[in-house]
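Chain IDs A, B, C and D follow the sequence of writing; residue 1 opens each chain.
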Amino acid sequence: MQVALFQLDNYGPWTTTPEPRPEPTLQALQSRLYADFVEALGDRGGYGFYGRFDNLVGITNGLDRTAHRAIQQQLGDAYPVTVSVGIGTGETPGAALGAASEQLQAAGGAQTADRTEALVGDPTTDPGVLQVAHFDIVDVTQNYTNQEHAYETMLQIQEAISSLSMYLYETVDAITFFVGGDNAIAIAPDLDPDVYATALEHLRSETGVEFRVGIGRDSHVGRAGMAAKDALERCRQTGTRIEGLQTVAQGD
Amino acid sequence: MQVALFQLDNYGPWTTTPEPRPEPTLQALQSRLYADFVEALGDRGGYGFYGRFDNLVGITNGLDRTAHRAIQQQLGDAYPVTVSVGIGTGETPGAALGAASEQLQAAGGAQTADRTEALVGDPTTDPGVLQVAHFDIVDVTQNYTNQEHAYETMLQIQEAISSLSMYLYETVDAITFFVGGDNAIAIAPDLDPDVYATALEHLRSETGVEFRVGIGRDSHVGRAGMAAKDALERCRQTGTRIEGLQTVAQGD
Amino acid sequence: MQVALFQLDNYGPWTTTPEPRPEPTLQALQSRLYADFVEALGDRGGYGFYGRFDNLVGITNGLDRTAHRAIQQQLGDAYPVTVSVGIGTGETPGAALGAASEQLQAAGGAQTADRTEALVGDPTTDPGVLQVAHFDIVDVTQNYTNQEHAYETMLQIQEAISSLSMYLYETVDAITFFVGGDNAIAIAPDLDPDVYATALEHLRSETGVEFRVGIGRDSHVGRAGMAAKDALERCRQTGTRIEGLQTVAQGD
Amino acid sequence: MQVALFQLDNYGPWTTTPEPRPEPTLQALQSRLYADFVEALGDRGGYGFYGRFDNLVGITNGLDRTAHRAIQQQLGDAYPVTVSVGIGTGETPGAALGAASEQLQAAGGAQTADRTEALVGDPTTDPGVLQVAHFDIVDVTQNYTNQEHAYETMLQIQEAISSLSMYLYETVDAITFFVGGDNAIAIAPDLDPDVYATALEHLRSETGVEFRVGIGRDSHVGRAGMAAKDALERCRQTGTRIEGLQTVAQGD
């Protein structure tokens, strides 16, 4: 498993020097940088998540050092801020991201003025198999969006996805991200299908929210992600709660 | 108080028709649309938040119907999806956003194929005074970013801001949004300073996370927001936990 | 008349320091900066043209110094390069842009390392009336795009619009810009309709290309531009070659 | 040689339906679509040029059908307009782009309402060697930008690059594009160095403008383009007028 942490260099100070910059400007900057980041990864078969916007997470299985450098330069050449990159590998997504974090911390930390465009850590040529688990909430439009206060819906979804994220991190060392609407994507190690069944049941009993999930499995995150989306679509059309893993496992 | 809900028309079905679109494509679309949205609002003195990305929240005090229409058209002309807008007014931000939600629900709901670029609800010419409370976490870089696993830090910040959001919504009907890093912005009614002191204390005892806050107060959200950022900067430089309201109140 | 020249600071050296940056990176930067520029102007009732991409032209009638500063900061905060702005006023668009050029040259020139985000020249509160003349080529799709080699068509259109631009600059001090497809927009002083008839005739005899034109007239360039587009649409639907000025003049 | 023509589907009608869209909106759309286009190509080793903005030119040597489809979908999923693609191959860039034009014309033409996201023509697995010739104007900042009226400079550069483009197209079937500032990039077949010397001399005598040129040579346009930029940088630093080809030819 290979995960890269893309951390804006000295961003906090930049946002307030020489004086605080307008919030719309910062929001536009962060979200455009994220868009370029995710597209640069996507063009190379990877996946990106905004994380905290100043600490972005890239799933970079199969990408070498040159590819990471190219993405780093593309961002540095496009924005008034630069990005340092820590590449981490490990048995699980959690372990890989932990390794990436340590690489960057050792390289100087987020607000060290003299760390600029560091690129640390070594990619692996054998990242192994990962799973992408794409979750959404059953009947969210009818039960929430078209019935409830938009802010209450937002808080409820946030809360449910936060519970999902913590559960998956604690139990299987997966890393999970909100990707808009009522969708969350978990990057997981190679799990048995019943792990997902248990997770959905846990979430329902703890938060009252009913998720479903499509799962893809591949050595490349882009391909696994598309398989996950196709599987989730089968859930939507057939009313099932979990799709993807059995089929893939059988054909494997 | 005036809040507008910008809701993508029939977006869920679009993302999977004729077949699921690649996730990097959707992420890039959503975040660029948000960037344009926040900039179009910012150019007119407003503020925007990504909400759930398919349900974006605009603070539009002082913007008339023509301005809302122009922003709606700008987005519709730039993306393959269109946006419906509900304008809500009320005594508090929560009430205004609730009214905006109801307007849109009455206009057909989020996945009604025949609702396209609706613009419902009436702006007010007297939106009154609002407060912008800009929060961040004390010593987040030293205590978290440079010490901890990036994903654990992300989860902790997410959890803390979620608690903050719920507390402020339940107690004073404010609406609060994560804006990157360790920052959250609350749009609040005209509150006494001690409300914020109580909130910070509540958060510390409940989550162990220590926030500080800069507050701005104005009839225009853009001006209030800049004042809040300046006030937060004073917190950072002087070590205080709350800045802005007293000063403004005295000078008012 | 008021025209502003937005000139990237020390851009040439930046593109090759420390070593030449990839061309796709520079193209993406320049065209996104232009998109933000034109939108920031458009949100305030102005018009923008890419000029040479490192020297962009803004038609800023009615915009004050604060608005120019806000646009300058928005760009400086979004990109790795900064922008200096010269504001010029004059009887004609050509004269106003000439004055803007001189302002910037006096402020240090384009590759002076120590000129950063200069803002020079004074807006006028009485910019007067301007005309926007929106040209396109009659039957371009049937006669060129669907028949000819794409590159030859591109060269022919380039040549024709270049001739148009020079003719209008020399005869009436208008400034004309290619805006994509077969479209060119001239910003002109308040002209008699027969000037346009003579121009079309001149172009036809000199280049063999038949243009038509819709004209708008207003103190605000955004409104004049929309009127010009509506007028050009009337040309397209009724087969006429010049629309807009007579009507406006009669109703004025 | 392989060149692809990316043509917006039915774009002219779209810009005026149901009524003319604001010019800033169209400019922002066109330039952002171009930015995404050039970046999607760049991420895959290709080069893109804006052409007429509604007819964009991609140098796609080495890219297969799947890559063209991915770029087409990325654009179609990001904008309210779709793109058809004609892939052409030939001995020269001019011949390849001509073949691409014919492919698209045969597929229905630019304003056929029922042509949507066509992808026609066959990539070649053996595109051969191409040259990228990167031109700029000697002393443009001192002689023009810092001395002259910005619009006159723009017209002079436009005129000079137009002459350069026509000369190279007529003599060696190269295709040349303005890329901002005083820069033009020609995509050329594998030429002898003296062709460039003759071209520079011709341009000087015809337009009075002195160009210099850095040349790169490779089977991949991205690599050839970087070599050309490095070579042009040597011209700038050593005062020579032509760099790149001799060195490469010697080492070949």
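One rule holds for everything that comes next: a residue touches a chain if its C-beta (ideal position, glycine included) is under 8 Å from a C-beta of that chain, and two chains touch if they have at least 3 such contacts.
Everything numeric here is computed off the predicted structure, so don't read it as measured data.
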| item | value |
| --- | --- |
| Between A-D and B-D, the pair with more C-beta contacts | B-D |
| Selected pair, out of B-C, A-B or A-C, that shares over half of its residue contact pairs with C-D | A-B |
| Intercentroid distance (Cα basis), chain D paired with chain A, Å | 36 |
| Geometric centre distance via CA averages, chain D-chain B, whole Å | 42 |
| Overlap residues in chain B, where contacts from two or more other chains coincide | 22, 25-26, 28, 32, 36, 39, 43, 74 |
| Overall pattern in which the protein chains touch one another (line/ring/star/complete/other) | complete |
| Residues on chain B engaged by chain C in the complex (per definition of touch) | 36, 39-40, 43-44, 70, 74 |
| Residues of chain A defined as touching chain C within the complex | 21-22, 25-26, 28-29, 32, 73-74, 76-80 |
| In the complex, chain A residues that touch chain B | 5, 11-12, 16, 19-20, 22-28, 30-32, 34-36, 38-39, 41-43, 47-48, 50-55, 57, 94, 97-98, 100-101, 105, 109-111, 141, 145-155, 157-159, 162, 165-166, 169, 175, 179-182, 185, 222, 225-226, 229-230, 232-233, 236 |
